[in-house]
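Following this line, the structures themselves.
In the two complexes below, chain A is the common chain; its partner is chain B in one and chain C in the other.
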Partner chain A sequence: MEEMAKVAFGLYALIILGGSLLAVGAKSLVRAMVGLIATLLGVAGMYMLLNSVFMALMQILIYVGAVCVLIFFAIMLTKADPEGEEAESSPLYQNVLALLAVLVTGGVLSWLVLTRPLATTGVPVEVTIEKLGLGLLGPYGLAFELISVVLLISMAGAVLLAWERRNGK
Partner chain B sequence: MSPLTMYQLVALILLLAGLFGITQRKTLVGMLISVELMLNGAGLSIVAAAQLTPANAMLGQLGALFVMGLAAAEATLVLAIIVVIARRFGSTKTSVVSTLKG
Partner chain C sequence: MPAEFIRILIGLVAVAISVGLIGLVMVWVERKVAGHIQRRPGPYEVGPSGLLQPLADALKLVGKQLFMPDKADPILFWLAPVLSFLPVLLLFLPLPLGDGLYALDVNLGLLLILAFSGLAVLSLLLGGWASNNKYGLLGAARAVAQSVAYEIPLLLSVLAVSFVAGSLNLAEVVKGQGTWPWNWNIMTQPLAFLIYMVSALGETNRAPFDLPEAESELTAGFHTEYSGMGFGLFFLAEYANMVVVCAVATALFLGGWNGPVLPGPVWFVLKVSLLMLLMVFFRWTYPRVRFDQLLNINWKWLMPLAVLNLLATSFFVKLAQFTEVRW
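Now for the complex of A and B:
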């Protein structure tokens, strides 16, 4: 079983790596979305490996089911370029600066992660859905209510922003 | 290398891909995709740190759930902003939407 977990981890890591490269590098935004969906599914697999099945299901339901469809709507509602939205090459200094940002951040953070290992338990703990629900209704109830308010306000704000007045009124 | 370090390196890959995308993309939708990548990396890192250490595992999972909720709210608002910009400027390229550029 230990070997199986390692193989699955490697597979999901490969899916995440390839998907994120496609999501960042594709010329066409629809192809980038396919890469993003692959990445999200890979992260869902990682959640499965971490013994948090509920998180994996929520990842697929919220991200793949809702957020990706929203971004597809955003692509549809804006005028798409036939030869790809990102086809024109960006200036050299922009690419250099992007690479510099990635290298510096990646260097510092990976150095921190690699030189300061935390004490781990090795085996992921199991949290049942009941415990999660009790936590949401008990000690973390305020955060639960606040996130629903945030969602409501963002929904109302989106409707308000995108509202198109009819001519003549 | 401990399992936690490996998970955190994967989360770091997601963060770096998103960072590269958001600095290099030329359309607003491409930047939105990069932001989603970075938020996913944050969620993965939180859940891995909570599940593999003696810390409170329930708190970690709930935190990652809140990250997902905020990502959904953010995507909704950004969609509306992109629609408004596409209507007003006729394009969502960042080179077109640069009225404030000096």
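Now for the complex of A and C:
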């Protein structure tokens, strides 16, 4: 069983890595979105491995099923073709900087993980949705409300932006 | 543990076979109903009453050459039909045909179906975009606006039922309902049933909401450029999605396998077939709605109604709990 979990972990990690590389490197925006979808599905697999089926399904329902579809809508509105000027490869120093950013973040994270091993590595326990719901409305109520405030602010911002543009026209 | 795997494996094989068979039967039913509604016989040459016509059509589809348009995106173009068909196999696994007769016993079965049915839209719009065809792109654009809109009332109406049942496990929801029609959830949640069926038509792109593939405006919408089994997979996935939608409706609202005299699975199949037949009748009796009408129906009627229904349901559920405690 433990070997299977490790194999599954490796598989999901590969999917996440490959998907994110495609998302960053693809010339066509829709292919980049497919990479993003693969990454999100891999993350859902990771949730599954952590025995939180609800989180995994929510990840697929919200991020893959809704957010990515909306991103696709945005892509179709922009009409960015692969031969357009945005599709040209960026100058060398930008690529070097991007690589540096990845290496520094990854280096710091892996150094932290390798030098400070986790104290607990038990088999994850499945949290039922009843527990999850009670937790969100009880002890973690404030955080839950704050997240919805963030969503409200972003929605208000979107309305404001659209409003200004309509008046300007 | 291996027993679980074997169960899922048997389930997958059974689902694959039955999806193929259902596809064949549904094509025949659809063409026959269409024929009789339009006062013509429908297929009748091949086999008794044309029963073998879909089989001949399927063989023809398999034998056809696969074309790809010039300058299409090759990877995404071929990924789309596969992506439309694969999740369908998964959708059937948590459906309870009878007491204990399901492939995957998962607490969140309903959520699993809802989550993976969202992938169908993705495949549809990838196919439409990758074909490098304006009809395909228009079909994809319509599919996005339509499915994002119709998913919300669908989820809200399903949520109302699961509030009453107190579970997201389809088998549990069925067990909460009785043998006779007046014990079924449709009696307590008629509005949710109506909203569910209308949004299900929208989600499965069935007429009168078949705008992504409207053949009289967009030739065939998102699958204009697909030939042979590329088209065949989209087609099969559409029928399979119809079955899933009707099966979920049966389990949630129509008592699932519950029914007098006949054994459970027979009742389940009967109810699902009845709902499918209803969807076919809808297709051939109602004209296609216009796109602004489609969005108006959803955002101005279904959404507010579903929210109100959910609020009322949660109020009454809480009230029932409260009185129970006081008792």
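Quick note on the criterion: the second predicted complex is superposed on the first by the 155 of 169 C-alpha atoms of A that agree within 3 Å, B and C clash if a C-alpha of one lies under 4 Å from a C-alpha of the other, contacts with A are read in each partner's own complex, and residues count from 1 in each chain.
Throughout what follows, a residue touches a chain if its C-beta (ideal position, glycine included) is under 8 Å from a C-beta of that chain, and two chains touch if they have at least 3 such contacts.
Only a predicted model underlies this, so the values are computations on that prediction, with no experimental measurement involved.
If you count the residues of chain A touched by chain B and by chain C, you find the higher number for B.
In the superposition on chain A, contact is made by A:Leu17 with chain B only, not with chain C.
Touch criterion met: A:Met76 reaches chain C, while chain B stays clear of it.
In the superposed pair of complexes, A:Val53 makes contact with chain C only, with no contact to chain B.
In the superposition on chain A, A:Arg31 contacts chain C only, with no contact to chain B. In the overlay built on the shared chain, the residue A:Gly157 is in contact with chain B alone; chain C does not reach it. Applying the stated contact rule after C-alpha superposition, one finds that A:Ser90 touches chain B and leaves chain C untouched. Legend: residue contacts after superposition of the two complexes on their common chain; A:Thr39 is shown touching chain B, with no touch to chain C.
Touch criterion met: A:Ala66 reaches chain B and chain C at once. In the superposition on chain A, the residues of chain A contacting both chain B and chain C are 54, 58, 66, 70, 73. Residues 9, 13, 16-17, 20-21, 23-24, 29, 32-33, 36, 39-40, 43, 46-47, 50-52, 54-55, 58-59, 62-63, 66-67, 70-71, 73-75, 77-79, 85-86, 88, 90, 94-95, 97-99, 101-102, 105-106, 109-110, 113-114, 117-122, 124-125, 127, 131-132, 135-136, 140, 143, 147, 150-151, 154-155, 157-159, 161-162, 164 of chain A are the ones that touch chain B when the two sit in their complex.
Remark: chain A residues 1, 28, 30-31, 34, 37, 53-54, 57-58, 60-61, 64-66, 68-70, 72-73, 76, 128-129 touch chain C in the complex. Interface residues of chain C facing chain A in the complex, by the touch rule stated above, are 1, 73, 75-76, 79, 106-108, 111-112, 114-116, 118-119, 121-122, 125-126, 129-130, 137, 140-141, 144-145, 147-148, 151, 168. Of all residues in chain B, those touching chain A in their complex are 2-10, 12-21, 23-27, 29-30, 32-34, 36-37, 40, 43-44, 47-49, 51-54, 57-59, 61-62, 64-66, 68-84, 86-87, 90-93.
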